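Below are two complexes that have subunit A in common, paired first with subunit B and then with subunit C.
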Partner chain A sequence: MKGLRLLRWSGSVLSLRTRPCCFIHKYQYQYPAQPLGLLRLQSSAAAPLRTVSEPEDDKEPRDSTDYTLLPSPPPSRPPSSARLSALHARLVLPTRLPLEILARCLVDPSADTNSNFNNASLSLLGSDLLGYYTSEAIICRYPRLPTEVMKAAMAAYCGPKTLAAITREWGVEVAAAPGREVDPGFLQCIRQEAGNASVNGTGTQVKELQTAADGVSTRPDAESPTRGWRRGASSKTLYGDRFGDEIQRTETDYAERPELRKEEAQRKAKRGVTLEQASTGFVGALMGAMYIHAGKKAARNFFKAHVLSRHLDVSKLFEFRQPTRDLSKLCAREGFESPVARIESETGRKSRTPVFVVGVFAGKDKLGEGSGSSLDEARFRAAVGALKGWYLYSPLEVRVPSEATGGRPWEPVLVDGGEVVV
Partner chain B sequence: MPVTALRATSTAQNGVGAFILQCKRLDFHYCDKWGSSRGMNTFLRSPLIASFAKAHPQIVIHISPRPNAHPIIRGSYINGREKVICVRNLEKEQILQKVELLRDANGEKVKRVKGGRVVGSVNEGVRGVWDPFHTKEYRGIG
Partner chain C sequence: MSISLPLRSLSNLPFLLPSLSSLVSYVSRRNESSARRTTKRLRTKPDASFTSSISPSQVNDHIVFNPPSSAPSPYHTPPVFLPVNDPRRTLLAQSHQHANSYDQPDRHLPPLVHKHKPYEKKYHLRQTEIDEIRRLRSEDPYKWTRAKLAEKFECSQFFVGMVAEAPSEKKAAEQRKLEETQEKWGRRRRYAREDRGKRRELWGKDL
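Right, the complex of A and B next:
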């Protein structure tokens, strides 16, 4: 796998941003209908200064040091922030990742809609990296994991809830309100109003006002109320995000209609974001910043140290409906003899607390064993044990694709067929 | 639907991958008038605090006067709690010990762990739980 030559295209991200002239932004924030930042994809050129036609009746003096209208701390602030330096040291970030970039990672798009100063672009890159590293780690370690369980494991490692916990455990605090005067070591976002807050002192709650106009589902049957409840595994794969959750709009939609993205940003800036969303953006942005500034290896190590090292018992994520049926289908698919349950031992059959130990066998091979206070319970547990034994197979030596740069040649890893389709 | 999944969250194991020092801020309060701050004032002027700050860049250090009161050190922790130690009449070396105590604390309330040497693990035991149904073949030996 060839490494990307980042320096050729990420010059605009690597260079530290300065507000070119704050009166431009002043008008921008006064008139938010004006077009926001230019799209400059894959360019190493600095952002051109946009000339904004000044209203003629404006007599205010131009003061380039007037930061009063900035929505987030100016880029000159980070070196003097003790909180930010402490965060940099606490996470043992490399010196190649400057404080200014760490400060930018902490600015949510809801706080500063200017994409040159918020973490949107970094977080887009970082969340993709998080998804890539997590999915390859899970798939290579458990090659037979069912799709649904794999998505749940993805969510457990890098879902919004986990990233919010990671942010908290890093000691990152959230600013009460974003602004230029806020310490850049705080996570800056506009918080969404609580759902049970009352609207203008009336008895109505915020959540009662919210309509379904938040976003449009990409599912083809979204409009049909009778079929909208179907959420199969393949539907989640097709129309869901990497955790199987429904996504409102895809990148294709944004590419076809770019104004949707602006609408989305404005809606978020108006309504605010939840702490989970802001934390997700921050961790993703830091991951992206590590990748761009410190390189792929450092980003991988950072991911391993902070995300993959967390504890997750994958065997606790399974939920079987009919394990005995699944097991017989699995045996049929794999060419084993059909499974038979046999009592191995029992005690107190006539008593108040009987215990049966049941094993499932395919021919002479014992697939699993379970104990329970009734024969059916023991049989189901034995089938669950057998299924988990199959699905949780893990090869001894695992080498993931992202580690296959240089050195030893890449050997393909085993990825099995997954779950049985019943 | 053959198998569905339950949603869970992975739990942190501080030190398994990265280690995050739980103490994130130390506030030093001193008084210029009271004699109980003599050791604290010496400590703040000595290279001890500078070397401590240099060795622990992950801790934010604040120094501020607290007139007409005993000197204290306040540690703030990632779990949101605080730990305060009054260092009146202590010498600078003793104060450094207190600072190290605050640095090493995790901010939790001090609790007594019952049962003597308790070793906790999130992983299941390799041998499994003993149960009487699998001991038949060993019955004759013991």
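Right, the complex of A and C next:
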């Protein structure tokens, strides 16, 4: 496998972007003045936007350091922010990752719609990397895992909830509202209005949260969302994202109509994002920044240290409805003898609290063992144990594809026949 | 009344016992014979697995590994489930402790949970018989139930349900009958049934 040469095409991400002074004038059209209700009514709040948007301002040359209009901290601020340096040091980020980029990772698209200054591009790259590294780690370690369990494990390692928890554990705090005067060490985003809350200042009540589903769905049966049974494992694989959840737009849509991405960002800025979404964007962006600035190895180590090191008991993610039937199907498929339940030990059969230990045997080989207070329960649990033993097989030496660039030649990992389908 | 601690054991001074027992609470009172009996009972020879076969001078160099019995971990793949090229297959087969003990000729397998023989499928029904099942079922679904048909044609009830489903009016009638029965249940029976269902769900989650 050949590593990509990102340096060639990532100039826009690697070099620091500056906003020229003349940009301020264009800027007024790009960022319409916010309604007065959204302004913070504090003594430290920025001057009202309307005063500077008057056309006669063009006559007098403006001071290029006047950042009153900027929605996020300017790139000159990060070196003087103690909070940002502390975060850089706490995460043991390499010196090759500059503070300015770390500050950019903390700017959500909802705070600054300009893609040169927000973390959208970095988080797109980083979330793909997170998904790639996580999925290869899970699949290579547990090659027989069923699709549903795999997706649940993916969500447990790098789902939005986990990434929000990681952000909290890193000690990243969220700014009450974004702005140029805010310390760049805060996560900058416009928070979504809570359901049943009154919109700031207007006195109107938001009765229901707008769902993300106001975009177009990629699913063919989008007109019937109530049909829950339609969403099987294969449907989730085809139409869902990496966690099996529904997605509104695919990357192909964005490639065909690039203006969609901008629309999306503006919609987000209008409506705001949840803390979970902003945290997801931040962790993804930091991952992407690590990849671009410090290289693949550093990014992998960063991923291992902060994501893969989290403890997840995969065996707790299973839920079986008819394990005895599944097990006999599995044995028939793999050419074992049909499973038979046998009593290994028991105590207190005639008492109020009996305990039975039942083993499932295929011929003379024991497949699993379970205990319960009735023979049925013990047999059921033994079948569950046997199925888990099959699905949770893990090879001795695990070498994931991303580690196989150069050095030892690549040896293919185990590809299993798939889960039991009845 | 003041009591000085007797130098001799209490059993030699029986006249002290009644007054002492009135002072000591009922819980902490015990007599000597039971204490001696308990100590004696605890003084048992340890199980052979706890003692090492090596000489006492070398005991400190060794570790006795004897974990308590517990449920097997789901991460331990049974040897049958390992792929053919997995090195653990041969390693486990060679090991004394982990090799399959039921392979030895003098070792019998544990008794079956279900005493009857495993069900053997016969695959003896042809298209004519299946048509006959369907005809009977559609003629009088109340007489020719799944159980009756299965008995007549020597197949499983599941197979009858597969080839000849009951008409919808019969299903609805059965459902009504079930609901009528459930109406008569009291609070305790209903809750007990619900709890049983919930516990059953926990079996599949291994909780």
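The rule is short, and it goes like this: the second predicted complex is superposed on the first by the 359 of 422 C-alpha atoms of A that agree within 3 Å, B and C clash if a C-alpha of one lies under 4 Å from a C-alpha of the other, contacts with A are read in each partner's own complex, and residues count from 1 in each chain.
Here is the rule we go by: contacts are C-beta pairs under 8 Å (C-beta built on N, C-alpha and C of every residue); 3 or more make two chains touch, one makes a residue touch a chain.
Predicted model only: the values in this text are computed from it and were never measured.
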**Message:** In the overlaid three-chain picture, which partner chain does A:319 touch, first (subunit B) or second (subunit C), both, or neither?
**Reply:** both
**Asked** On subunit A, which partner's contacts cover more residues, subunit B's or subunit C's?
**Response** B
**Asked** Between subunit B (first) and subunit C (second), which does A:368 come into contact with in this model arrangement: first, second, both, or neither?
**Response** second
**Prompt:** A:111 contacts which: subunit B (first), subunit C (second), both, neither?
**Reply:** neither
**Request:** Once the structures are superposed on A, label A:273 by its partner contacts, choosing first (subunit B), second (subunit C), both or neither.
**Result:** neither
**Asked** Between subunit B (first) and subunit C (second), which does A:393 come into contact with in this model arrangement: first, second, both, or neither?
**Response** second
**Request:** May I ask you to decide whether A:102 touches subunit B, subunit C, both, or neither, giving the answer as first, second, both or neither?
**Result:** neither
**Asked** What is the contact status of A:344 with respect to subunit B (first) and subunit C (second): first, second, both, or neither?
**Response** both
**Message:** Contacts for A:129 in the overlay, against subunit B (first) and subunit C (second): which applies, first, second, both or neither?
**Reply:** neither
**Message:** Shared contact residues on subunit A, subunit B side and subunit C side combined as an intersection?
**Reply:** 316, 318-321, 344, 371
**Prompt:** Across the complex, what residues on subunit A touch subunit C?
**Reply:** 315-316, 318-321, 323, 336, 338, 340-344, 358-359, 361-362, 364-372, 375, 377-381, 384-386, 388-390, 392-396, 414
**Item:** Sites on subunit A touched by subunit B in the complex
**Value:** 82-83, 85-92, 146, 148-149, 151-153, 155-157, 159, 161-162, 165-166, 168-171, 232-233, 304-306, 308-313, 316-322, 326, 329, 344-345, 347, 355, 357, 371, 387, 391, 419-422
**Fill in**
Within their complex, subunit C touches subunit A through residues 71-72, 74-83, 86-88, 100, 102-103, 109-114, 118, 203-206
**Complete:** Contacts from subunit B onto subunit A in the complex sit at residues 1-14, 16-18, 20-21, 24-25, 57-61, 78, 122, 131-133, 136
